[in-house]
Each structure stands twice: as C-alpha cells, then as structure tokens.
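In the two complexes that follow, chain A is the common piece, with chain B as its partner first and chain C second.
Up next is the complex of A and B:
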C-alpha cells in the first residue's frame, strides 16, 4: 500500500508521540487512564468484529473479558505461572468460551440473539460470584503478580504502558488483516443480508462461530492484561455496567470502523474522568452525552472530521 | 410431594411472575407501536415505585388514591418521553439499545440525586401478617397483586379492542402509513402507548415495592427479566408477554426452593434459552420472512 508523503510523516510523528508518551505524563492517575483506554480499545475492537462487521447483536463481551481476567489471575496466583504463559492461556480459554457461547446463538437473530447472549453473560457472571472455590466469590482475587519483561517488573502504570501499546496496535492491525481477508468479506456479506450471503455460498453458521471466537479472544487478551495491571479483580468489574460502557464506546466512536474503538474508548474514558468535577450530576451528564451522541452522530465520532470539512465548505 | 407446599411455591412464583408480565407487556406494546425496544423501561418501573412512595408515605394519601396518583404521574412522564425517544425508534437495534439505556442511566442518577442511595421501605398496604388458607400461607401483598394486576390487564385489553382511541392506537401500530392517511395523529398515538406502557411499569413497581426495597437500582433486574419474559412469549405479543412472565416467575420460585437461590438467574435464563432453541421466535411468536 502506497502512502502519501504527508501521511507517512504524520504516522511517524504519532508513533513517536505514543512511544514517548510516559515521559510527558507525570501523573500516575492520568497514566492509568491511558492504560485503560488501551485495554478498552482491545475489547471494543473485538466487539466490533462480531457486532460491527458481522452484524450480530452479541452481548457477552464483558463476560468474556471476565473469563480472560479470571483465567489469567487464577493461573498466576494458584499455580504461580508466569504472565507469558497466563496471557496466551487466557486467550485460548476465552476463545473456547466464545465457541461454546456461539452454539446456542446460531439459531436466533436480532433481539432474540440479544437476550440469548445476555442470558449467557448473566450465567457466566453468576458463576464468577458463586464458584467460590475457584474465584473466591464476590471478594475477588487479590495480589495478582505484575509481569516481568527483560528482567524488569512492569509493576507501575508507566512501566506497563509499552507492553499494552504494542499489543493494542497488533490487535488493531489484526482486525485490519481479517477485514481484508476472505473471512472479513464473509462477515460483511452476512451483516448486509443473510439470504444473499447464503446464496453466494457463504456458510453463515461457520463464519458466525469464527466471529464469536475472534471477539471472545480479544476480550480474553484484554482481561488478562487488565488483571495483571490492576492486580485485583472481582465480579463487579465484569457485569452489566461494564457491558453498557463497552457498547457505548463502540457506538460513540463509530461502529464498523477501524478507528472507532480507539476514539470511543478515549473520549468516554477521559470524559468520564473529567465529569467527576460535577459530583452527583456526573452520571446524568455522562448518560446524556451518550444519548445525544447516538441520536445526532449515529455514524460515530470518526465522521466528525468529514462533517467539519463539509460545514466549512458551506454544504 | 406435599400438595400444600407445591401450591404455595406456585402462588409465590405467580405473584412475582405477574410483575414481570406487566413489565413485559409494556415492552411489547411500545415495540409494536413505535418499533422501539425501550430499555429505559426498568428505570420507569423504578420511578413508578418512587412515585407511589412519595404519594403513599411522604404525602400520606390512602393507598388507593396514592396508587392512582403514582401510576398517573408515571404515565405523564411516559407521555412526554415520546419526544425524546422519537429519533431512536426504527433505527438499528444497537443504537436503540444504547440510546434508551443511556436514558435509563440518566433517570437512575436523577433519582439518586432526589431520593438518595439508601433503599426505602414501602409499608405493605394490607399489612405483613400472612393469611392462612388451610395449610397454605399467603402474603397479603401477593393477594393484592392477584387482584389488581389481572384487573388492569383486562381493562387494558378492553380499552385496546373497544374504545376509539384504542382502535386508533392499534391501527397506528399495524400500518403507519395507512393510519396516518386516515388522519390518526401517529406521534400522539405513540405518546399514548408510551404513557400506558409506563403506567403498567408503575403498577408493577408500586405492587412490587413492599416486596423489594425501593432503591434507584431496583429496575435493572426486573427490566432484564421483563424483557426476557416478553421474548419468551414472542416479542410484540402482549398475551405472550403475560404468559412468559408467569413462566419466568414460577421457574424462579421453584428453582430457588428446590435447587438454590444463588443460581436463580442461571436457571431461568437456561430455560429461556432452551425454549428459544426450539421456538426461535418465542412461544407465541410468528415466524417472519426476511426481506432482501
């Protein structure tokens, strides 16, 4: 792919900025928000595969995120395994969970799919709370070790950042790779019309299962990264509210676009923190923000640039 | 198996199930007329319970008057909601979901500012002392639910099928263009449907209030179960929603008694999912043909 000169230069500048970001950010708190933005970008990019490209209304992403976090945390604290084993294990376990979840979801569509996948998410969440022997129940798992990289412990947000940055960029590039492949084209065909896709010889069941597994794997990766970053997890972090936040990020950013998840995660994470100043009104304004954004810019914030340009041209 | 015990569990399940039915019917009605799945419905349920609380406990009206005032004020909120929800109807399901949920978050947190985070007690209007019929014990609140909820459902059915407004609402739901051409004000019909749906959520909220504690997050679980009930019965079909709700309530009560209350969501959802595997459009849902 040929890039124009200005494009190349701007990519290099953005790249350098991202690499040296921790040296500019002194506050641990801001650094933590930045790290969470990266984690959300991974989750939502995965969600975007099944919801945005494949058009399936799958509401179990927060539960998959939890499965990834719990798998990694249990392996690390019970068996003392290294982060570099926990992370791929979490991805594999979540991928299998995605496969199993997809099976009952194949028969239903639209809002029926929504309730089936949400029901499965509720079941998974209830298991996290009640399987006390495995998950320590509502108390959660504490003292999850930080990963080691080249002999250095990534135990602060500043040190964790580069690991996250690399994995997030790889995740986004992998979505791009999928989209440009046969699988991605099949997803979009299914989203546009089941009947037409089937007539073209696309086995929609097969591709939906693939979509579920891919989305779940992304959530698993993010869950593992989250567990080793915050070092404490409990079922509260993977419930309904988490799911709503993730869908809101996807829609506010721009569903079915590559940049949407990044934008949505950034705007809503920082927006939420800035609104803390409003105290009691924080969530009211936050809710209004999401509502208005969905009504007025349903294509998402990714279209803002085009809109501003169109406005300037006076059209 | 003790027959008395079976009946008691059945009655308990029906009592809570009828609450889900009322909520599920609201979902179905609004969906049929506006093409909107209103996920803020759980918050309306919560607001209804608080409205009842305000009139009954704070302003000390007698229960029947407080009940009516609570339901009517929630219906008024529903009526004005139409203007906010109008741009969300008939758009893609995901936008509808997150738009109405965001509205629900706004409502919940406004309620939090007004009434505070602490759960409030709603005294049962017929007292707390269980009534015994032979060897069956029934909570007086359950009896009240059994009296009021079916009355409201029947009244609604008669209103929708006999009155001129009801007929206009059904016509608008069935075929917007033709109904509009006949001079039926479509947006006002939608507003009326939202008002009625909200009123039913308020009825459910006030009737359930003495069983639950009234709190700002009481709506979520009822919202999900009411939605699941409506889906189970066949979405858009109010009778289906009633039956779905009753089934949901009975499963919940039976599984809490025989298995364990810690897994009650798991069991009720497992049943819902199992039913949808065999009837993907719900029990009373009609199969639709996908258009190209």
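Up next is the complex of A and C:
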C-alpha cells in the first residue's frame, strides 16, 4: 500500500488518539457510549457484508447478535467457562445459526427474502423469551462475569475499551481483506447480477450461505462482547427495535462501504444520547434525522465529503 | 422446451464441433434465447439432453456448466456495473481458481498467489481485446461498444472450450462490427468453438461456415451461407426482413 507522508502521519496520530482515548475521557457515561459504538461497528460491518456487498436483504442480524450474547452468557454463568472460551464459542454457534438460517432463505430473493429472514429473527427472539430453562426467559441473564486479561478484570468501560478497539479494528480489516479477494468479488458480482455471476461460474447459493455465516459471526462476536460488558442481557435488546436501529445505522452511515458502519454507529449512538436534552422530543428528532438522511443522502454519510467537493466544483 | 402451454423449442437438435463457428439465425421469438438458456443451464429442458464431449450437462446449474468450459454473453449486456473493467474480467477467472474463505486462515499464501495470477491473467485478456485503457473504469460509465467487448472479455476469462455469443453485434456501428468480426476470428484461432446468435446478416454470412435457421422453435434449415441464402424456407421465415 502506497501511502503519502501526510496520510501516514494522520494514521499515526489517529492511532495514538484511539489508544490513549480512555485517559482523555473522564466520564464513564461517554466511555460506555464509545464502547457501544465499537460494538455496533462490528455488528453493522457484518450486516454490511451480506446486505451491502452481497446485496441480500438479510434482516436477522439483531437475532444473531442475541444468539452470540446468550451463548456467551450461558456458557459463562452456567458452565463457569472463561470469557476466552465463551467468545469464540459464541462466534461459532452464531456462525452455525447463520448457516441454518440461510438454508430456507436460498430460494427467495428481494422482498421475500426480507420477510423470511425477518420471520426467522422473530422465531429466534421468541426462543429467547420462551426457552426459559435455557435462557431464563424475559428475566434475562444476570451476573455475567467480566473477562480477565493479564491478571486484570476488565469490569469497567475504561478497561474494556482496548479489547473492543482491537477486535473492532480486526473486524474491519477482515472485511477489507475479503473485499479485495476472489470471495469478495463473488459477493459483489452476485449483488450486481446474480445471473451473470452464475454464468461466470459463481455458485450464488453457496456464496449466499457464506455471506450469512460471515454476517452472523460478526454479530455473534459483538453479542459476546456486549454480554460481558454490560453483564446483564435480556430478550428486549435483541428484537425488532434493535434491528431497526441496526438498519438505520447501516443506511445512514453508508451501505456497501467500509467506513459506513463506523460512521453510522458513531452518529446514531452519540446522536441518541445528545438528543436526550430534548426530553420528549428526543425520539421525534432522532427519527427525523434518520428519515432525512436516508432520503437526502441515500448513499450514506460517507459520501458527504465527495458530494461537497462535487458541489463546490459546480458540477 | 415447454413453458406452460407454449412449446418454445420443439425437438431441436444442434451439434457444434471444436474450432468451428455455427451461426444461429431466425426471427424474433424463434427460440434462440431459449436455446441459449437451456444449453447454459438457466432453464432445464423438459425433454432432451445437452451434451458436452460425452458429459451430460442437462441437469447442471449454470455455474457448473461454466466450470466445464461453456461460457456465454448476454443479449442485453449483463456486466457488473459497479465494478471496474478489470474486476469484471477477474470475476470471469473465478471458475479457474479456488481460493476460498477458509484459505484466509490456513493458507493465506495461496490466496495472495491466486490473486496475483488472476490479476495478471485478466490484464492479459484486456490487452488482447484492446481494453487496457479502460481497466480502471467503472463498467457502467463505458460506451456501449466497449461494454460489449468487456462482456466478451469476461466470458473469455473463464477459459471456455465453447463460447456462446448472444447477439454481440446488436447496437454496434459498422466500425465496431468489424472489430467484433476480427475479435471473433482471433477467438476461433485459439480453437474455441463459437455459437453465434445474430441478426446482423452480413456478419453471420461473413464468418460462419455453417448456419442454422430457427423458426417457431424448430430448425427450418441448416447449411452453408450460400445454401441458406437460397433456401425458400429461410426466406419464408424472414419474410419482410431486409438483409443488411
């Protein structure tokens, strides 16, 4: 990768800022928002793979998020397993869930796929509420232990941050890696024209399954990280409301781009919190914000820079 | 091949040998596109078989058929619009490579190697078809004639033994059609067999040694250009169609 000197320097500066962020941020509240932004970045990046790059309307991401969280929580609280076993286990279980969910979705496309995946998400959510022996139902799971790293318990937001930062960055880099490879091209080919993709030897059903599995894995990772951060989970966090928020983040940030998920997660998380000052109007303005941005900037906030430049040039 | 009550292809039998070019002509609705779709696996024939060198392709999916050496272009262009020309052609190399997601984890060297191989191969094909200057352009921004060439380049990337061209000259001007003729000639020199569906009669008469005429899903004539020109059946089928 050829980078100009200014680019390299700015990356180093940003890197340093990110690494030392917890020392600048005094408020636990803000730190928590930042952590949630990182978690959402992972979720939305995953969603972006199947929806943005593969072009499939897969709406079960919130459910996968929940499967990851619950798997990790159950393994930790019932079996007393270490976080470092729970995390990969959650990813694997969610990945398998992605595989299973993809199978009924193979025969449907577009709006129908959206409905089928949504239906599956509802089923999964219901399972969380009703399989009380497994999940403790609506009561949720409490006292999820924090991870232990280098002899230290990561039980505060400030301490959890670096773990999240590393995993989030790795997640984004992995997306980039996939994109610039044969697999990534296969995804995009399917998005652009699944007919032509088939004609070029791409088994579009196979790649759909892989896309589902990848997205689910990302959500599973995020779910596990979430569970051990907030130490309490319940089915409420993994339902339709959550899904809508995720879709909004993906669209507002910029679907089908690398930076989109980050932007969407950041803007919508901080936006939500800062709008609290408006009390009753908070949700109204929040909703309006999302609505307007999707209408007027459908390609997402990522494109703002280019649009402003193009506008200035008078094109 | 039947669609509900409509018989689109009625006991049609065609053979294509290596290194030869067979022209397929016929009025609109005569079943040419249906034939294409049946042969390439997009439709499954109700009766009959598709065979490639002893192997039965009838039940296979399109991507499996492409893997076995049959490639096609599309009548209404089916490029990957939001990809560059180079990327479009690199997708064509998909069936000849096999680096999958799992290799990222246990054999990344192979991923890198195959990527490099695909890039080089694609660039070579672009060079052969005079598309180098467009390699970084987005497919959707290209002029129509260039897009058609990219479509052919992409199909060539799959290293086919048989190439099915679906009205490649549609919408091309005289100069572009001549370039197309040269390109097809070069493809034939490589020993690739071509099935050419076309409405441009001059092109078909110029490059095809054997022509087959379809009407209402049936073969009404087959022979050399000269024979086809004389054939009453053909003239009937095309009544009202001007030879260009």
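Rule of thumb we're sticking to: the second predicted complex is superposed on the first by the 311 of 315 C-alpha atoms of A that agree within 3 Å, B and C clash if a C-alpha of one lies under 4 Å from a C-alpha of the other, contacts with A are read in each partner's own complex, and residues count from 1 in each chain.
In the analysis below, a contact is a pair of C-beta atoms (placed from the backbone, for glycine too) under 8 Å apart; a residue touches a chain by one contact, two chains touch by 3 or more.
Here the structure is a predicted model, which means the values were calculated and not measured.
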- chain B versus chain C, judged by how many residues of chain A each one touches: B
- Query: Which of the two partners, first being chain B and second being chain C, lies in contact with A:108: first, second, both, or neither?
  - Reply: first
- So, A:81: does it touch chain B (first), chain C (second), both, or neither? neither
- Query: Which holds for A:21: it touches chain B only (first), chain C only (second), both, or neither?
  - Reply: neither
- Tell me which partner A:192 touches in the superposition: chain B (first), chain C (second), both or neither. second
- Task: Please indicate which partner A:51 is in contact with in the superposed arrangement: first for chain B, second for chain C, both, or neither.
- Result: first
- Query: Touching A:291 in the superposition: chain B (first), chain C (second), both, neither?
  - Reply: first
- Using the touch definition from the top, say if A:182 reaches chain B (first), chain C (second), both or neither. second
- Give one of first, second, both or neither to describe whether A:200 is in contact with chain B, with chain C, with both, or with none. second
- Task: Across the two complexes, find the residues of chain A that touch chain B and also touch chain C.
- Result: 193, 195-196
- chain B partner, complex, touching residues on chain A are 51, 57, 104, 107-112, 114-116, 118-120, 122-123, 126-127, 129-130, 193-196, 240, 244, 247-248, 251, 255, 280-284, 286-288, 290-291, 294-295, 298
- Note on the structure: In their shared complex, chain C is touched by residues of chain A numbered 177-178, 180-183, 185-186, 188-189, 192-193, 195-204, 210, 214
- Query: Across the complex, what residues on chain B touch chain A?
  - Reply: 37, 87-88, 91-95, 97-99, 101-106, 108-110, 112-113, 220, 224, 227-228, 231, 235, 262-263, 265-266, 269-270, 272-273, 276-277, 280-282, 290, 292
- Parts of chain C lying in touch with chain A, wherever the complex brings them together: 40-42, 61-64, 66-67, 71-72, 74, 78-83, 87, 90-92, 94-95, 97, 99-101, 104, 111, 114-115, 118, 154-155, 157-158
